[in-house]
Amino acid sequence: MATRHFQPTHYFTTIGSHEPVLRIADGDTVVTTTVDARGADSSGSVITARGNPMTGPFYVEGAEPGDTLAVTLDKLRPNRLRGWTRKMVASNVVDPEYVRHLPWPVDDSQALATWEVDNAAGTATLVEPSDTKVGRLTLPLAPMVGCFGVAPAGGEAISTATSGPHGGNMDYRGFREGVTVYFPVAMPGALFHIGDGHALQGDGEIVGTGIEISFEVQFTVRVRKGKAIGWPRGEDADYIFTCGNARPLDQCVQHATTEMIRWLESDYGLDPVGAQILMGQTVEYDLGNIYDPAYTMVCKMPKRVLR
Amino acid sequence: MATRHFQPTHYFTTIGSHEPVLRIADGDTVVTTTVDARGADSSGSVITARGNPMTGPFYVEGAEPGDTLAVTLDKLRPNRLRGWTRKMVASNVVDPEYVRHLPWPVDDSQALATWEVDNAAGTATLVEPSDTKVGRLTLPLAPMVGCFGVAPAGGEAISTATSGPHGGNMDYRGFREGVTVYFPVAMPGALFHIGDGHALQGDGEIVGTGIEISFEVQFTVRVRKGKAIGWPRGEDADYIFTCGNARPLDQCVQHATTEMIRWLESDYGLDPVGAQILMGQTVEYDLGNIYDPAYTMVCKMPKRVLR
Amino acid sequence: MATRHFQPTHYFTTIGSHEPVLRIADGDTVVTTTVDARGADSSGSVITARGNPMTGPFYVEGAEPGDTLAVTLDKLRPNRLRGWTRKMVASNVVDPEYVRHLPWPVDDSQALATWEVDNAAGTATLVEPSDTKVGRLTLPLAPMVGCFGVAPAGGEAISTATSGPHGGNMDYRGFREGVTVYFPVAMPGALFHIGDGHALQGDGEIVGTGIEISFEVQFTVRVRKGKAIGWPRGEDADYIFTCGNARPLDQCVQHATTEMIRWLESDYGLDPVGAQILMGQTVEYDLGNIYDPAYTMVCKMPKRVLR
Amino acid sequence: MATRHFQPTHYFTTIGSHEPVLRIADGDTVVTTTVDARGADSSGSVITARGNPMTGPFYVEGAEPGDTLAVTLDKLRPNRLRGWTRKMVASNVVDPEYVRHLPWPVDDSQALATWEVDNAAGTATLVEPSDTKVGRLTLPLAPMVGCFGVAPAGGEAISTATSGPHGGNMDYRGFREGVTVYFPVAMPGALFHIGDGHALQGDGEIVGTGIEISFEVQFTVRVRKGKAIGWPRGEDADYIFTCGNARPLDQCVQHATTEMIRWLESDYGLDPVGAQILMGQTVEYDLGNIYDPAYTMVCKMPKRVLR
């Protein structure tokens, strides 16, 4: 149950069976940092190639295929003063006929907006462009992890642009401080990766970004031996939830709903009919992202109805 | 601005250019009743054929194609003591491989659960089946309209099983008391239909029903002349929202998002870049239904960020 | 078994329970004409509103809900010298990011190309625009019906822009001369509608049109009493086939494949395992359209493997 | 332009930047073998782990990112007497409600059918199960490659269960002897992998397999320097074609159609309007697979209309 401080020296843009950067024990807490989606660190310097570079992987002693890795997000904190977003919604989130009416930038250098992030005030303020009708828009911070997960099975190394049963780039704003996330362990040591912090993000990540920024991160790992799950799960004070990562969104719902039924039956003592009657009238769904190669939908059950 | 009491004598299971049952004026309030999805009234008697029978249509004087009809849901109140739901999630909301593991009833007579609805206590209590692990489950009521809308263009008469730009069977639990909903008028008089009350419903209507029950309904209509919209819209104290009805869910998101961009630009004085920067970090999406022939996703913007 | 000559005087842009224009007997052959998708007749005059106007409906004596209506397309013949297509692929058939790179016409008047149709030579020749690199492109004719079907159940009147179990705007180039098509009868008399002739069309109708033209049409109807089917089916000398109409294409495949399994089991004496082993290695699929509100995929089985 | 005989000693179930097994020159022909999808070789012995084991990768001298690798399939020949298929269509290719009516095997050992493959006669004959109504079904052979491709960019190693821009498990029956396939080179040497031979397969690979069998394979590689493409392409005597790999099928069509437009403009001297008018009336689409994690649709243009 040690606290381990780790300073990354290199990053990965795939989640896979890479050489671990640190071996940690079940129960350990890690304090580290992440760079932003384009590889810029807390000083704003680009120190690694873009594409959601991951800190890690962390090898968790005792984690074996068929176990579950629980990761509690103890602290997610932007560690610099400027973040950025894209300015325009993605082509795939509007009607195909409407795509040509989007405000296409003249070139890629015009694609981004800049935000000032004030941790003390808990706000993000739009500073550039300054000539839009939203003006100097100020919004409350809600830091979250865009991309994290464990090494997939079978030797796969999966781009941090996308997601799957192993987690990955789910871009779900429910992955915030205080949440515990469960990943299915597929490789020895689980090989946990984390990165792609967002100071704030709307549902769906419809502009293709949250407010992208480097983070100070603290998380605690626990191994649940012999507990096999199919998709990333999570819980906070009010909900348990399951993630489905696929396309189209319909398939995300299918994965997340099936995983929730399984969870209610295995851990909450519900029979199939009881679980489904209950879900029918109390289930909630969140949209993670509808931008990445795999989209994400989240199936949530309120803890108050699970006793 | 009269209050009109209307007692239906027949119902429709399509939304179309049917002979109006009542002509009402811009600003009028209507007090009426709806039967449940299988045609049972407040006494529990089946008085019309099943399939979301509609009360109406109401002809609104002065409403012309190209206008918008605003309908405020003043009162949505179950008016009998028993409602019903299906017991099993729909085949299309779980992984295809999992479908055969669903708790298939031996026959259709075993497909339904019965709930006791107590308006005074504000609760629904599961009474049958009584042998599941959820026991005598009690949940808070949250009455909503499953299916309502206006006559579609071009002489179409569209089944109340499905939905479209005209509204219809959207099964979205945000259509609750106090909400104002906007429909694009396609035919003279708008021809407003309403029915399919749910005492409660989870996101997605994943068992294919909410708690289906007959309703006492009160609503007020207003015509917005010369205001053309593309999809149903709505608002409550905290949000404005737009509905997209289609398959797959991805296309629902496209319709709802495009409609929201248009709304922000036309009514909230935003330029394209400003609107999209704002939406990117503050938009929310709800899942209406993922059961009907057309699914529904809802794009929401918080009023607090729109000033 | 009479031959009935029918000259239409009005048209419908929905398929529904409209007043029949002619009552015909089981076995009768009808000789009639259809206008093009924009309502222009054999003289090129626009005589009715655009949107795939239908000739009919024809009431077939003896056809009852639960029966099948077999329609043999005896003759499909363009009856004027000019047809038209759109020039640009539809926005929904290319990558969303590519939509803005399509050759958008400056206005709708520039959206169409004109083709010369020569029945004697069996060719269509592009005459306008004349300044593209394909020049005076000449292609062999392959006339087909874009939209036809029977009145849907429940009083629905469905736009001729779309399709469903009743048939409708399937835009499948396999609906050509010599083919027999089967429709599920949902209303007394079946109420058969036909129109939207194409002198030629590629798979998918990706520009949103075939070569749109008015037709001389001859078809023969037969009623299969007590034979209930779920989706339009068809056959020619070499294949039997089933149509699935929905979105996304995945769902079209599901409908068409399920319908084919049912057909093989009911009419070809196959057991489930045998039918599926056979289908697995010999089935073929065609893309009808990927343009209309409902898309169409066709599941085909070669007659040679069905003995 | 040498002919290189290669005997594999190990296999990969991902396509990635693995250590090459052989370095070959531009123009070389390789004669080698592949095991079947479950790792069984020409003697029927399982010699490697299941999951479409790949022979290779072959490092092609001179191939650099941004080039195209052309692979001509000179010879694809089953090299043993027995192959196997699944007996039941996949759950995702039928209506969700129909899934429970599929002929589910009592256990996995009952899931497969056995076929006798006779190269001399050019036939495959079903030998087990012997008790279905299709009896001792004999079908003509049509050997094809299920899975092949080049190392993806960015260090990804992608499971041979699925496909992408790099190729992979496309399961398209058009990949047969005589065809030349083009892959976008993303890593130095291209790193070509090949395996998963099918003696025969229907469209869609709807039972999840073709007739799976080990192969003797001969192919010839050529590097097209400076020729960048986005998706696998191919050609035979009659057609050029492009592959889109994704979900749902709609997105496959979008990728394949966009790639074809680009090809017609860059290599066939067509302007956008000309290319699209031509495609609209002459394009054809094939369904590769609708079973794997990514589906495949193929967009084809007949060479006769391209001069």
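The chains carry the letters A, B, C and D, assigned in the order they are written, with residues numbered from 1 in each.
Just so we're on the same page, a contact is a pair of C-beta atoms (placed from the backbone, for glycine too) under 8 Å apart; a residue touches a chain by one contact, two chains touch by 3 or more.
Keep in mind it's a predicted model, so treat the numbers as computed, not measured.
Colleague: Please work out which of B-C and A-B is bridged by more C-beta pairs in contact, and write that pair.
Modeller: Answer by contact count: A-B.
Colleague: From the centre of chain D, which chain's CA centre is farthest?
Modeller: B
Colleague: Determine the centre-to-centre distance between chain A and chain B, using the mean Cα coordinates as centres, and give it in whole Å.
Modeller: 33
Colleague: What whole-Å value do you get for the distance between chain A and chain C if each is reduced to the mean of its CA atoms?
Modeller: Those two chain centres are 47 Å apart.
Colleague: Hunt down the residues of chain B that sit against at least two other chains at once, touch-wise.
Modeller: 92, 95-96, 102, 247-248
Colleague: What residues on chain D touch chain A, complex-wise?
Modeller: Listed in rising order, the residues are 12-14, 16, 51, 154-159, 246-248, 251.
Colleague: Any idea which chain A residues touch chain B in the complex?
Modeller: 85-89, 92-96, 98, 101-103, 113, 124, 126, 129, 132-134, 137, 139, 200-207, 209-211, 247-250, 253-255, 257-258, 261, 269-287, 290, 295, 297, 305
Colleague: Going by the contact rule at the top, pick out the chain D residues touching chain B in the complex.
Modeller: These residues of chain D touch chain B: 90-92, 95-97, 99-100, 102, 104, 248.
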